[in-house]
Amino acid sequence: MTQDIFGTKLMSEEEAVSKFIKNGDQLALGGFTVNRNPMLIIREIIKQGIRDLHVVCHSHGQGLDLLIGAGCVSYLEIAYGGMGRFAPTCIRFRKAVCEGLIKIDDYSNYQMSLRFLGGAMGLPFMVTKSGLETDLVKIDGFSKEDRGKGKIATKKLEITRNPFGKENDKVVLLPSLNPDVSIIHAQYVGEDGTVRIKGLTFADLEQANSASRVIVTCEEILSRSEIRKDPDQNSLPPFLIDAVVKAPMAAHPTACHYFYDYDPAHLRMYANMASDDGTFERYLKEWVYDIPDQAAYLEKVGLTQLARIKADPFLGYAPGLDRK
Amino acid sequence: MTQDIFGTKLMSEEEAVSKFIKNGDQLALGGFTVNRNPMLIIREIIKQGIRDLHVVCHSHGQGLDLLIGAGCVSYLEIAYGGMGRFAPTCIRFRKAVCEGLIKIDDYSNYQMSLRFLGGAMGLPFMVTKSGLETDLVKIDGFSKEDRGKGKIATKKLEITRNPFGKENDKVVLLPSLNPDVSIIHAQYVGEDGTVRIKGLTFADLEQANSASRVIVTCEEILSRSEIRKDPDQNSLPPFLIDAVVKAPMAAHPTACHYFYDYDPAHLRMYANMASDDGTFERYLKEWVYDIPDQAAYLEKVGLTQLARIKADPFLGYAPGLDRK
Amino acid sequence: MTAYSKLEMMAIAAGRLITDGDVVFAGTGISMLAATVAKRIHAPNSVVFFETGGIDPSLDELPLAVADPRVMAGASMNSGLIESFSLLSSQRLRTIAFLGAAQIDRYGNLNSTCLGDYHKPTNRFPGSGGACDAASLASGFIIFMEHEKRRFVDKLDYFTSPGWLHGNDSREKAGFNRGGPMAVVTNLGIMTFHPSTKEMVLSQHYPGVSPEDVANNTGFDVDLSKTSEVLPPTELELKTLRDQVDPQRLLLG
Amino acid sequence: MTAYSKLEMMAIAAGRLITDGDVVFAGTGISMLAATVAKRIHAPNSVVFFETGGIDPSLDELPLAVADPRVMAGASMNSGLIESFSLLSSQRLRTIAFLGAAQIDRYGNLNSTCLGDYHKPTNRFPGSGGACDAASLASGFIIFMEHEKRRFVDKLDYFTSPGWLHGNDSREKAGFNRGGPMAVVTNLGIMTFHPSTKEMVLSQHYPGVSPEDVANNTGFDVDLSKTSEVLPPTELELKTLRDQVDPQRLLLG
């Protein structure tokens, strides 16, 4: 029987970030816009002043915007930066791109997911027909000088002919991604380190399988026998996981299926505060820098609001929640 | 609410095969050696005298051997034909290959799985480093005349350079597969047509997602509300399924996790009978042609033997089963 | 006759373009309304799925984002992006996508990325997300747009998602094996594409809108000669939309 | 000292090559015995997984095939072939595979496909299965063989799984970015490969076996100059193998 996570992988968010994330790392963000963003780890990255991150993701919202706004990101490969009706375009993201504060390269969601899958499968590249002729394949967001540096691919992509098809059968080859670190939030981790994600997995599994190091925050720790009772439901094996942080509601203000809904009140407040440099700094101070730990964070959110977003155990979300 | 399977997709094995499988089809076999072979459908194919099949699979055993032995197969793309200790090499398979009764082209398990995945993802080809320099990539099992005919790929594969890597970074490109028909056996199908496979999925999902038509046999039909209570556990959506055949133990003599183990006595008997043309014909007569339906088949297996291989509901197999 | 809003007209008009059995790749907002109203009225066997991996959820409450937990409840399957885009690409299905954009050109090519130069944009939008994928891979797609000159442009600032490219057979020649824009549903009417040239034409205008209103709000020439007035929403359509699709009035307001 | 069989010696000798933390791609038969005895003795944090998708099952009973339901019980995860071969390829893991074959050459290249001409073989074996994949993609692999001249051949009838190819740096030059055969465990001893030429050398012979026995059963010249006698199975190794790994004596007989 392999060793359990106690005394080895189970640790605080502070230890997880200081041990496994450093300046300049290529970082894959788990979750998708309003769901299962690894917010606790993102706040900890900001608190530890980690800089010059090269973020790779598909469609991201809250966590990404905070990370960019706090000045942690230098390079970004992305398909979508938005928060639905709360911020159709992520606010600090938009500002950073328009002001040239970060270097950005655009792909599509499938393209980015395929790049993670390619990395996870140990393949050098993946193929798609998505994006032929568009600026996604014609405009390189990164400079020639940046190409090949660190984890930046030597080329954005390559257009070639399908050797099994006809003359016009062109395809796009996409370089696989193998990020330094993947951060994800899961509902459950077993005492043995097995990870179980409920609801949609987005590209979290491809990201974790492709990364050199993986940090998982979770709502609950299950016993070894409990999590191994139905192995069909499990998502990642222990030997790919470097750090497990037990932290209920670590995805707040984004949702975590079966545990809590997204927090419309917080997301509206964030959108308001993010739209001005001064109030954004205040948000960072009040909700990141001045918060010692997750318990204090949840205190600040407040029991009333936490009760509002508590998920129905069968539906997985908070029915009737005021989302206007 | 979409319509349910009653009166539309739920049908007998006879109807499923006559409606959806025809001479010359490219057929993907679900399961893996001793597990979840779609035996009922395979026996029905044999009974209906379907010929000239082009079988594509990875590692297959019982179902494949029977299909080859009965003379239904003309072309075979495969990675492995064996039944573990019961027949280290499949017996009728070996005979057919050595006697030139079928045309065969060898790939590896990952290569075949990638080809199904590529088809499932709508990609024209997949890339791998597996097999460089070996005869798997150097020897084409099919003739030049056969290449491009029907569903046979125009080329077995293509060796090229990884455009994102260094000089020697060679890779193998594999043409994707989109079989005419995929046949799989599942534990559960919902009244809505949703399929749930328990235990290992092998490449069944990639096969079903890549095929033009899909036939599923199952142990049990679940109500719509039951199968949709936990959508995370489901394997295939209704709109990819053409026929559902409710047939308990339709994978016998191979195993079906949580329902029954493989049947060592039957597999030994088969291996003995398959090794001689005369006794093999007798096996076909007794166990295929003379059996009117699944109920009669199970009667012939006998209650005592069915009880021996009945799976423990927690372990998923029959503990202590005599497997020597 | 019951009064209705432009949003209701758009959702219902777009929903009518869905046929029974379609596998619909939906976004949020108006596309959710369109897909759901179609499913509840004339296309009961159409299925809605989301790029995030949610396949055929019960949609008892309207999701406000494609990653809303409401796309996971009562679903046939919960999976992930790879599985969802694989389905989108499936050659055996008729997959229809709903897309929005910041800019569109006469061939239905879309920009949802930025205004100005890509490297120093004057405005930035969220980006492709799955839009480029849906436009590239689905059997067809339907676009929602506000009808304004600055959005219907002669040349896109950035080319995010492929429509009919340069018209005629250029899409096929570029390597796409199916798909292309079917219609543009705006607040003024429904635009389609000429069968051979693939140039945008006005197909239907809403009651109270004149073909000239469309021309005046389009940044390129558009053929007005074949337009007719749209059938306004029926009582059933309006009632379904209001009572069953968005009873919380999250989108209908 | 307790008597032991050649099979027990082979399983234990191979098990000793596993280091703690290895992620072991196991087949059935002797490789199951080797992997499991290693895990229960000196490599508790090694993990066994199967090409079929079973990851770290409890193995309370020995599986007789990689698709045996016993590779699904008490596992960390049940997945499928794609997931399993992805893990095998993972660049962050040390993945070690156990393989068998019908023929091997001096560079550890393997044949598990056929004898005679591929198109008209005199005998047919099951084929690659995952062997070519493991030999191509794992961090390293260990081969089990019966030591016979007809199996240790100068030239393979069919080349299924890549070892050191033509020796020296030919494997790297061919495009493989890691891996290669580490050892061949036979019923006579343990063969390894010369660090630079990659030719097979006799590394250890079993008690009661002479280096000449190895030479007489090998179809090509093999360097015997560096061999030493293998440490026979310890009491703990034998007891673990017999009482915990295969108490049903399915493989030990």
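By letter and in written order, the chains are A, B, C and D; residue numbering begins at 1 in each of them.
Note that a residue touches a chain if its C-beta (ideal position, glycine included) is under 8 Å from a C-beta of that chain, and two chains touch if they have at least 3 such contacts.
It should be emphasised that the depicted structure is a prediction, and the values quoted were computed from it without experimental measurement.
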- Whole-Å gap between the CA centroids of subunit A and subunit C: 28
- Take the average of all CA coordinates in subunit B, do the same for subunit C, and state the distance between these two points in whole angstrom. 39
- Would you pick out the residues of subunit B that each touch at least 2 other chains? 122-123, 128-129, 169, 171, 199, 232
- Considering subunit C alone, which of its residues make contact with at least two other chains? 54, 72, 74, 78, 82, 85, 88, 137
- Message: Thinking of each chain as a vertex joined to the chains it touches, would you call that graph a line, ring, star, complete, or other?
- Response: other
- Message: What's the complete list of touching chain pairs for this entry?
- Response: A-B, A-C, A-D, B-C, B-D
- Task: Name, in rising order, each residue of subunit B that touches subunit A in their complex.
- Result: 122-129, 153-155, 158, 160, 162-165, 169, 171, 173, 175, 198-199, 229, 232-233, 314
- Item | Contacting residues of subunit A [partner subunit D, same complex] | 1-3, 120-123, 178, 190, 192, 194, 209, 211-212, 228, 231-232, 234-240
- Sort out for me which residues of subunit C touch subunit B in the complex. 21, 23, 44-45, 47, 49, 54-58, 72, 74-78, 82, 85-93, 137
- Note on the structure: Counting only contacts in the complex, subunit C reaches subunit A at residues 28-29, 51-54, 60-61, 64-74, 78-82, 85, 88, 109, 113-114, 118-133, 136-137, 158-162, 165, 172-177, 248, 250
- Item | Residue ranges of subunit A touching subunit C (in the complex, touch as defined) | 31-35, 58-59, 78-85, 88-90, 93-94, 97-98, 100, 106-111, 113-114, 117, 128-136, 138-139, 141, 168-171, 199-206, 255, 257, 261-262, 311, 315-317, 319-320, 323-324
